[in-house]
């Protein structure tokens, strides 16, 4: 509510077109409306295909099932991340549209059509073990309405594999680079493209990798410009941000 | 050089329109051209206003002066980051166009006009001590051709200051959030907007801050979606990425 | 024993009202009594409703059962923390009054009535996953004789949820803020209230969260004044301290 | 502004007692007022003796001087922390009331009388090197209107020194324990008293102390209940919180 | 392809000895050939006995089985590391030549004869618990065509055991030293020989060992010259490098 | 072999009392004998009751059984640490003298009588959870021939418990202090006695304890003189060292 | 005061040999006397040659001078550690007996004769850079009345240097091993002797040494039994403990 | 001394060609000679051009000067690392042959001719700031008698620079890769060559680089085989090892 609308409302009160009670009703939650919270809260349901998201880690199978059942009744699209197979099977019982991505550990329910963007997000991984994070990112990006190109297993140990796919990478509007171990791929890709690179360190590795710390620090210190970083294994977060950029 | 151009070149050799020497000259650096490196390497000089960047940390005043003198002779725009005042004064002697931003520790030389974007980058800081990183970001964004809005000192300890500026923040195409101490501002802003947020942890703080580690970890673990992180105090990197996004 | 009592005792010895042996008996453990240890040691049993506390982690089910059985025979109130369900079931066999809080993993036995304070402790969590720590805190606070208000799932990613409950938070005499991930909620609450805030980082999160380190450092570096921190997941400790403050 | 006041205002608009412009003026910043920010923002100036606080680290002497000059003109009390002697000398030139605590590195300006509480805050240090943090805490507590007892150099290496002062410690309403090295004093005091203990780790020590990390971890893991922790060397923060508790 | 070959090719095009199509065929993958990737990619299959390597960690038994079945059909030698016994048993079903080293957790398949070098690699361990890493290294070195001497359990706690084997150690062309706990053996061996020492920290130990960090830091800080370090528990990597050096 | 013996041997060669071959035989392993290694290696078997020690962690039950069976046949005393109950039961089958300490996870076999020292080692723990480490220490100390006094559960949270046992602690020749959480007990005991204190941090605790790091750093930074530290949970190591000191 | 003395005092009160006032005077500080603190506090002055110790780090030259002047007037022996040369020169002005050890940065004042023990402490260093810590230890040990043998620069990179001095090391009653970098010397010495070894990690090194962390972790994880560790660079602490053991 | 020499010596004693005293003289340090230490100790002086090495960090200018003066008198080659300019100037006064490498901070004195190997060591750096470490390596390698190729500033941010120099890198017998920031260059080079790669992390960078930790962890986790790592900034160590390999 801007100053103009407020003025009009007050004039209406003055002119008896609006009762005091009605005005109070409109004004009492002004703080939130005016701050724009409503936009955030409502836009998900309003825009076609924008999904409800459930982070399943730490939730019981029963809880996940109940939440999805409720959401499904609202006929919105649903994305559940970090979901194990047992969760999927229970969900499937009450929601036949549910689809499971075993590698990415995601459940999706498409109740509304999703129109994908023309521009695409490139999702690039260093190794095959990073694919599970990549699939979480890909499923997320797709249900958010983005076209995705998967470019997997192009790590720097055999850098010609990367060059073979360079055209596809450069054609993207935004690039997600997913790598464990030393995470060098983010810097190499960042040096080869002129597009935003979102780097996702993974916990793939052992010993002095310290569960992804090596890749994380590596990516934060990238000598290439245009690279930013999200949390270790956070495929969802990278895709959410990439979707924002891809849809600009 | 694509297959088509290559075919034409070879036909020209065959038809004696191009000598073998000329063809060699064109082909010998084919590997790089074909990989597209040239685009990266050349676009900086080619596009009006795209600056050459010098990272001054660890360089001597004499080195900085010499590099800027050389670049200035090419009539390109120049951005020097992490430059101290002494460097600026020496540079000023040989390059009268040089401008110094004392807080941001940047030297810029504008040899070509820069047309700013209509959309803008919001640069938001938690405290006044974070402004030096913010100024590095702002100067970088501006010389890269972006309109910038500075929204400083709106940290969560007095969250109403943030809400006062929320409209300006939400109006941006991309937002840079710069915060030291516990870095909570990135999450709060991330929760209030639906735009890409680039978080810059700063080394402002003491004790268990561990030179920015607290803010860094805080930002990497942000509960808000759409937030990614660059290195501690890396105002330049955040602005470079923001410029990529803002210019999409 | 103060100087006065000592003087009287010595006069009694002098006047043969007390034998040397009796005086020795009274004086020999003077060091501890005089240091006031006894107060600490005795006040728990003496004051109505003050519970005996058992930390079950690392104890066997049989040990927990035996300890509670013994305490129950003394008719004091009992609080067992970090107790699993199996422990509860065994305890229930020998102590029908035992109550289990599954989320908070606490067993309580109320042998004496507890009168709750009028003022209350607000227990605020960022996410639903933090509730298990919150329940440990709530059960602890309640058996210590405090009124508690639970204000759950008001994290900064959707800050309007927090503002909706602000009145309840501000009405408290002391506030416990429980948050994992980046722990930003502690700073935001600290900035909005003028009451002591006890921050509890939780181990909720993954990757660069490092089992609660991110939230811990975040809270220690809070830019808001009036915030102090207890150990990761230490709901009991926060509630114990909050009770001290609430009862002043 | 509560519902009642809003109703009255609207009735006044309706009854032409208040013009639309006046109503807008009152309503336009409703969001903040209603959220209660104003209370926080205003209470400092309103309540007698509540000081304005300046954190001098990272500010220039000129900046500190200018801020204090401005505040002094408003005739409020002023507390500047982490101020070096040069800052004080410059401030003294324009503000003759300024007092410097060399150990605590604080400047205070008392423009209004401060009435101290009857109850007191005990400030306890392990060693003599911790006194500088203790003085920051003491000066802060005093200008916030608290009575303070300084109990210095009672570390556990000679635990009888602590027992000599136990009565003074136990007489306090809240206790600040300041210790570097291994920080054991917090646990020992926590075990001896039944009062809130705010522990301040200091950076005193060397080697495996890691600039206060040892004391910090020690205090966070205290086996005594009722102990919470603030940042390393954060005397101000501890005193601010202690003042909140002491004034309940 | 050097300039000379390029010139000749172009002359052939000019002289119609080579068609444009043929020239394009030769030139289009010039980038990779010229960069020499082919050498790397092809030499494994070309040289007799050079194995294909599979890192089994994180792969399913079925995946490992399928990969080995495919490779076996190409009649190359195969090395699978970090393979558990179940994997071996499944592989054995379809590949009777498969051999399992239980300690080293390696599967090898020898389809081509391997001629071992005359010079040898000494593989030295501090304790018996380090042998599993040593066996991974030994099997790797052997299938890469190296003679190996195993010198196990000669840690510095009983340094005479080391001296008893000194001649064997000094006779090697390159030495792999494998040690957990404090990793001191690397420095001691490094001080006694004039040969390259590749140090492998192991995760053997507990407490302040931090899963191999103690040995890792110890080895990186070795006071003896000629010592370099690979990742914790990385027997394969050490052997791969040692093989390179041994075959010079 | 000292200079004198060498001279005599050479004189014998010269005088034909010893052949060159015999002299070579005696001289060729001179390096080790002369360095005194033999003393170390032999004294264990030679001195009555000195045990053979087996560290069972990472060994299979079968391996432990086989080693003990072999040692038992030599009729020496045996100490196996970090042994689980299953190991003990298997060992018991072939060695009826085997005794198991369930808390300390030790197996001992006494084949020779052990005469305990008159002076004793005090083994002091902060909490009941530390007793398992204490029992490992106690069993080790006893089989090494030391008298031991167990003084358990005297942590600083209830410091009067410690004072109650102070006489016993001060009567010891050397003191082992075992504590988890914040490890403050080591400093407090160190400040109360004038005897060597060997501090053992334990992994008891959670959260910011980081598996014993808090106690470890705390003990290394002890403000009390005369305190040294062994690895986390290393009861055996502490007892081995204490035995050395106690037997001086 | 034991029970007997207490009985006698009370009999004297009863028999009017002692007034009530006199008895109170004797009894009122009973708590401390009885706990034995007095022994600790008094024995330093009572025993000939036992020094007062001043840790100079963080103290001003004036403070150090004043403390030594006061102590000197009591005619006790004095040891000041971490003292710089300027401190020494100022002290020398008022105390002509003061002696300075430049490497060890110690000032000593001998007001009473010191009789050294017959048995000795061996102080062993790995490198020449560790000597400054060794000298702090040596001076401390000597003023505490111990005979000391300095065995410097015998690190494991040239292990024969160590063996050359092995007899001297083995002849000691207790051994201090001082090493930076990877700290391997502690394990090697621990494996060669059957005496208590006190290991002192030093901050000598760079890079992954992390200011002594590498040596510290190395020593804590020593595979040799009988090794305990003090803080990084803590020569004083090692010598204090060694003196306790040497004087048993 | 081998068995044969020993036999001959004894025969000489027997045959009176050597006195017992002379034989003792030869035999008394047999332990070390026989262990082969002598080879290590003597070979440096014996082989032409093998330098004496001085690590200057922590030494005074006077000490460095004195050591070099003494060595110079022995007419051996000398290498001093981590030497500042002042040291060089003082050395120059007494040793006119001294040469200083300002970037690498090395002083060398060539008293004997050095014949360089035909094969060469490639020294590759990511950035210009890494050159100081590279020069330390280069000077070390050269005085040890190796041919060196410097390939500087070829970091992955502009990967075509690396490919331009690939032939030179592949032509080396062993490669030193020196990189700060994220250290990705080591992996990329490791993936492109089939030669031993010695990776040197440098402390170049800021923020989450943690003084070289990021590059160190990155290199330890390299996905490319054949890469080993030395300490941060350890150019000397890398060159020493590379020389060993290059001279095989």
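Things worth noting here:
Read from first to last, the chains carry the letters A, B, C, D, E, F, G and H; within each, the first residue is number 1.
Keep this in mind: contacts are C-beta pairs under 8 Å (C-beta built on N, C-alpha and C of every residue); 3 or more make two chains touch, one makes a residue touch a chain.
Given the structure is predicted, the values throughout are model-derived calculations rather than measurements.
Shared contact partners of subunit C and subunit H, listed by label: A, B, F, G. Farthest chain from subunit D (centres taken as the mean of C-alpha atoms): E.
Comparing mean CA positions across the assembly, the chain most remote from subunit B is F. The interface in A-D, C-D or G-H that matches E-H, meaning over half of the contact pairs are the same by residue number, belongs to C-D. Although subunit C and subunit D share one sequence, what matters here is the overlap of their interface residues, and that overlap exceeds half of the numbers used. Across the two interfaces under comparison, A-B and G-H, the one joined by more C-beta contacts turns out to be A-B. In this assembly, the C-alpha centroid of subunit D lies 56 Å from the C-alpha centroid of subunit H. Inter-chain centre distance (subunit B to subunit C, centres taken as mean C-alpha positions): 50 Å.
Distance between chain centres (mean CA atoms), subunit C to subunit F: 39 Å. Shown for subunit B are the residues in touch with two or more other chains, namely 31, 35, 37, 40, 158-159, 163, 191-192, 207-209, 213, 216, 220-221, 225, 231. Taken pair by pair, the chains that touch are A-B, A-C, A-D, A-E, A-H, B-C, B-D, B-E, B-H, C-D, C-F, C-G, D-F, D-G, E-F, E-G, E-H, F-G, F-H, G-H. On the subunit C side of its complex with subunit F, the touching residues are 31-32, 35, 37, 40-41, 57-58, 201, 203, 211-213, 216, 231-234.
Put simply, subunit H touches subunit A in their complex at residues 126-127, 155-159, 181-184, 187-188, 190-192, 205, 207-210, 213-215, 217-225.
Subunit F meets subunit C in the complex at residues 129, 158-160, 163-164, 204, 206-209.
Listed in rising order, the residues of subunit A touching subunit D in the complex are 3, 6-7, 10-11, 13-14, 16, 20, 23-24, 27-28, 30-31, 34-35. Across the complex, subunit C is touched by residues 35-37, 39-40, 43, 163, 166, 170, 173, 191-192, 194-196, 198, 216, 220-221, 225-231, 236-238, 240-241, 244-245, 248 of subunit D.
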